[in-house]
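Across the two complexes that follow, subunit A remains constant while its partner is subunit B and subsequently subunit C.
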Partner chain A sequence: MNIRDKVAVIGVGCSKFGENYDMSAEDMIVAAASEAYADARIEPSQIQAAWVGTLSSAMAGNALADPLKLFNIPITRVENYCASGMDAFRNACMAVAAGMYDVVLALGFEKLRDSGQRGLGTFGTHPVIGYGTTAPSLFAMAANRYFATYGIDKRALAKVAVKNHHNGTMSPKAHFQMEVTEEQVLSAPLICSPLGLFDCCPTTDGAAAVIVCRADIAKSFRPDPLLVKGIGLAVTSGEPYLKPGFAYTGFPATAQAAQSAYEQAGMTVKDIDLVECHDCFTITEILNYEDLGLCKKGEGWRYVEEGRASIGGEIPVNPSGGLKSFGHPIGATGIRMIYEVAQHLWNKAGARQVKNAEVGLAHNLGGPGSIGCVTILASS
Partner chain B sequence: MAGIVAYGTYIPTYRLPRDLMAKEWGLPSLGGERTVASFDEDSLTMAVNASIDALGNRDPRTLAGVFFASTTSPYREKQAAATVATVLDANPAVRTMDFTDTLRAGTSALLTALDLVRGDQQILVCAGDARMGEPDSQQEQNYGDAGAAIVVGADGVIAEAMGTYTLSQEFLGTWRTEEQDYLRSFPGAFETKFGYNRFIAAAVQGVLQQCGLRPPDITHAAIAAPSQRALQAALRGLGFDLKSQVQETFWNTIGDAGTAQPLLLLAAVLERAKPGDLVLVAGYGDGGDAAVFRVTDAIAGFPIVRSIYSQIEVKRTLPSYGKYARFRKLLRKEYTTTDTSTPVVLLRDQKEILSLHGGKCPQCGTVQFPLHRICIECGYRGGLEEVKLPRTGKLFTFTHDYLTETPDPPTTHAVVDLDGGGRVYVQLTDCEPEQVEIGMPVELTFRKYHEGAGIKNYFWKARPLRK
Partner chain C sequence: MNIRDKVAVIGVGCSKFGENYDMSAEDMIVAAASEAYADARIEPSQIQAAWVGTLSSAMAGNALADPLKLFNIPITRVENYCASGMDAFRNACMAVAAGMYDVVLALGFEKLRDSGQRGLGTFGTHPVIGYGTTAPSLFAMAANRYFATYGIDKRALAKVAVKNHHNGTMSPKAHFQMEVTEEQVLSAPLICSPLGLFDCCPTTDGAAAVIVCRADIAKSFRPDPLLVKGIGLAVTSGEPYLKPGFAYTGFPATAQAAQSAYEQAGMTVKDIDLVECHDCFTITEILNYEDLGLCKKGEGWRYVEEGRASIGGEIPVNPSGGLKSFGHPIGATGIRMIYEVAQHLWNKAGARQVKNAEVGLAHNLGGPGSIGCVTILASS
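Here is the complex of A and B:
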């Protein structure tokens, strides 16, 4: 089965991302959903089902039912590591494509800062096997392996941080509106070698929402709905560090999900006008270039260095500022990417607008690179 | 002149009979019982509850000040008065202040409020204490937990201040340093003789002189005291009649309630005072404080929300010293980390964790760790052959993790490809971070990873190969 042209995005919303000490999860969820309702020109009563993506901020469908007072409709919580948000969107799209519902809501959120935590802590439940893994340590091991394989060093990573921080200055809802220099990035304190503070996305609060409907009725809501061209999801081993032969120079889950999305869309990377990808760490963005097919294997570091990923470049990557600058409230991120792509396809992205954008790709990555989710959206 | 506008008290529900405490340690019992703040109470909550009664229907937003006194403030750094003010819904512009570190803090807060209050202003003075004597000491029997609050103002006073007197005197009788959990008193009668008796006498005489009064003029004397006996000794020769003039200290029912005690005694006096009565209050600690009030006609209409005596009657007696020990966290629950562990998994995965057994696929030959049910490489489902893994290998990749808390940062996570097959994910130990590089030979060494769930969790780490 192919999802192409069966489902449309008719409205998106996004709360302010950041250190939202003055906002509860409820405040952010209501902000994101209200914007999406207005964008789609619908009333909440028209929503027939909903999916909510969150890693750890709630357990169940009540995460949406209670703040939004969306009672008596089916709501499902989706959790798939950092890809929870886009997988919630994917499930919403599939239910509409299956003909079960006409109009549905997918919303992702995360409230991380209330507890005072920095980062996500450790994963895993085994007493000693896989003990002590943290997000930065897992991706740092990929960075060291990538450096050893291609003979480069962390200066390549710094260029990603500089670009995404620059883009963030043009994103009013981003966590950071702050330029950084290569020197600042390189001299920042180490988090997990070789990754320094500016190689890591921040710990962020936020919520994002999207209204999805049947493509054949989409124009009754707005004249310019966006069409879902393809969505791929791939799950590979969540313990790559125990998988003999795992190369650590890319994430097969991303490549698999991208291939699936391109095939459904009947497109190649040449058709893509902009990419929002999962730059949880600077090394991840470089690996994503290669896994998404923007460039050849081993050339990702050149892709950013040559400015091909910048706004105005070959295929602008993360015009929003990415996870690096926009922030990464885990469950919200995948849907925030859909929100960003929609801003560009609707020509509403302001100073960071990618010109003449008609097709956008969003890529959400979960776990230690083990869950890849790729969505292609187009304006026609 | 300024005076007392309202008062309130708080006596916790729990009692501990001193006989029970004495029996626990084989010490003589001092008799009677003491109050015990429940596990969910502290100096702050008791002061708040007394304050709520004291405020009654008064608009809290008219308070010009909220003063909190205690020697057992819940935070070492962090004001309690600000919390009290917020609970009461006081105006954010209210002046808040904590009076701490001395037993005299309760009366000092009261005297300061009397000095400061002007015009139609009102200042709330509250005190709460839950002081700790060392377990297995008689001192532990002395203390009781309680809260008290006084609203000070100039308009509509039920008792008008006639004078105040303060004596500040350096003296080390009872103390607690930053390192100590329990109060310490110098043994014997030293503190009573050279501290308490002298300072109480000086403060009382000082205020009487200032007001032009003699002891017989006083209707009620509310004088803080570590015990009834100490009070008798202090007043000996001062000219008070203990029976008719002096408020009893609730020694048998509450115990020494610290900074709250003089305010509590003052409230007890006001509960039965009549217009024209002269009331003396005195507090001890690093010197002494005293004040004299003249009760006004307004006392007649003052509504007593919850009298001390009725609160003393409402009680639950703790069945054992152990219960008190749990309430005060005297029995420490052993520290457990947030790390996950369980003996069940340690048993089930014993061969992998301790003996370092992995699996070898009969179909594709891939050696893997742990012992998967299905081959990670080719998906063979017929079961892997259990093999002992080699303990040497090469570093495939690594990171020095400065985020993870450890006594010896950084934590170095490593992926090691073992010689002869099998990949493990372990920590690197016994090495300088600068030495570590991809491809370096390493050997596994048996170590303790963590103590999650109070269990020693042993497993293998890697270290640079030793010749």
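Here is the complex of A and C:
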């Protein structure tokens, strides 16, 4: 049960994230893939297989084949709710580890702000809608339970928003480059109590790409490939919020996926230099700290308040700005996290650079908290 | 680029196919998986990871996790148009070959005849609809071009319908157990000229499952595991029918996938004892004969007319009854083909048994002919 050191990341790319009314899904796919090809020093013809993560309906491998003219090779479309991107990356890594392919592409995308296009805009129903709820209302329940359990209030959430918006100002490709103050966050319009506007990630268009290859040939492409140390995926019941036994103060799928990734990597949280995690809502980031083992249960709110999640802190979390500020084009997010971790491990993250970063963890969450995916990458 | 002999099939299962108004998607999933568990002599708790193939919108791993109570393990949803099932199987095989898991489940399903259920019934748009066409109208163009190129007429298509309906009478789980005569086929209502009612596969509910494990431990489960010899997947442009250069008389994605599978297996078509292929329309089966190398280009119509595709013929094709008679629940079909090939290799196919079958080929086609997937299985 181990993928450690069999597979390497040799290039990453990312389109501008935002309300890209001037870009089609195809435009963003081409932007992300082209940057990844250049970063990996490869030609498109060297791609032997591909995986695409998206929540859009019935896209199939043609979602990549046509815009990228990647014809006559295998392309699989993976969908796993909001964790579609990282699970596409995971399946790509396993295929390379199996010896089936030497160099492959994993790409995630979503076009959410403009759904008039054929095919690419037919966004399926988000799973939580089927329960008569919305994403904010479900995560609001988690926030209220967390508050009641640990005796805190929404000021804790605001710290996450302030931190991630600050980080976003240093992320040129992020949806927002805009500081927010704690007062602004706390006085923003309520979306679903206690979550206000700045507690929720935006609706964003974007695409991100990663080039994966056999670890033993990676240095023929670049001197500093990144090694995949472990990837865990776990699926729990899709109806946790409706079940009496669900605690609401964490997502077991995240904890399970993290445990699997740490075990594969032979690492603990002490080895991690930075984390990109799934802050679809501010409360989610606090729960993620605890589920990923950055701090104890019930102490996540302290972790951000004490600055331990800030750049320069104990383990910087979401130096990119996170979903909160970088945006959350569903299928793109998990790959965008790999992109961000790579920027830091390659010391290319500019003003938001986490110093001396050698090991990074990325965490993608899907559905009503039922899908957790965790990847650990390290410098070689 | 090889998966040969690394992975084994140790159990298969299949729900009844048909207009299953009395079964939910969950019911069919449980029926298929339970049969596969029993066939493999395993308990559900031995499943370490799973893949699910379906075209239904935004299902994620929860499509399997909840009905099967397969919690806390990785489950990936794969979608590749009508080839979703076989590509789910392919990704499962690669993960096992990578050493990530020992025993995994691949399951495909679709609920097409009753879409009132939450989630499971939200069937995405078939890709061809986006082009302002329907599946019958696209494949009718191929039929007309084939007729014009080779100077034949729709009597050739009727031979396929007669053969596959005959085979279906011996398939207890098939949608139809009903002989049709050539006269009935030729006088049936036109769906899209030249394709009549009996040239088109039906709209079917169903699920099918396969248990995949490491080849080196397969005999600890059963004495006669089947070995995966090769799996090819190829994606061509999603708009072949709209492009002037497209020949219409074959699907390059099928030919490419077959070539890859044959190469991995170290085999040629001469080694194949039976074929399950994607006869979504009768013309498609004739084109498949040619694309898979069973006969030369332009001779597919003769292949069926001369009885070479019949049970007892040169290479029996679709002894199950095929999509035509067994039915085509989109995501289930590719896995159902693996199920059928396994019945023959295990000498359990009853009245439709292909004698002395040791090597079988299964072929799944997706979208407007743009996705081809081919698997070769052999007795160990």
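Quick notes on this one:
As a convention for this text, the second predicted complex is superposed on the first by the 361 of 380 C-alpha atoms of A that agree within 3 Å, B and C clash if a C-alpha of one lies under 4 Å from a C-alpha of the other, contacts with A are read in each partner's own complex, and residues count from 1 in each chain.
One rule holds for everything that comes next: contacts are C-beta pairs under 8 Å (C-beta built on N, C-alpha and C of every residue); 3 or more make two chains touch, one makes a residue touch a chain.
What you are looking at is a predicted structure, and each value in this text was computed from that prediction instead of being measured.
Of the two partner chains placed by the overlay, only subunit B lies in contact with A:S193; subunit C stays clear of it. Once the two complexes are laid over each other on the shared chain, residue contacts for A:I3 go to subunit C alone; subunit B is not touched. By the touch criterion defined above, A:T133 reaches subunit B but does not reach subunit C.
In the overlay built on the shared chain, the residue A:E239 is in contact with subunit B and with subunit C. Subunit A has more of its residues touched by C than by the other of subunit B and subunit C. In the superposition on chain A, contact of A:Y101 is made with subunit C only, not with subunit B.
Once the two complexes are laid over each other on the shared chain, residue contacts for A:M141 go to subunit B alone; subunit C is not touched. Once the two complexes are overlaid on the shared chain, A:N72 sits against subunit C while remaining clear of subunit B. Annotation: subunit A residues 118-119, 122, 124-127, 130, 237, 239 touch subunit B in one complex and subunit C in the other. Those residues of subunit B that touch subunit A in the shared complex are 339-342, 345-346, 349, 352-353, 366-370, 376-377, 396-404, 410-411, 413, 415, 417, 421-425, 427, 433, 438-439, 449-450, 452, 455, 457-459. Here subunit A touches subunit B in the complex through residues 118-119, 122, 124-134, 136-137, 140-145, 148, 189-195, 237, 239, 241-246, 248, going by the rule given at the top.
Across the complex, subunit C meets subunit A through its residues 1-3, 6, 48-49, 55, 57-62, 64-66, 70-81, 83-84, 87, 90-91, 94-102, 118-119, 122, 124-127, 130, 232-239, 252-253, 256, 366-367, 370-371.
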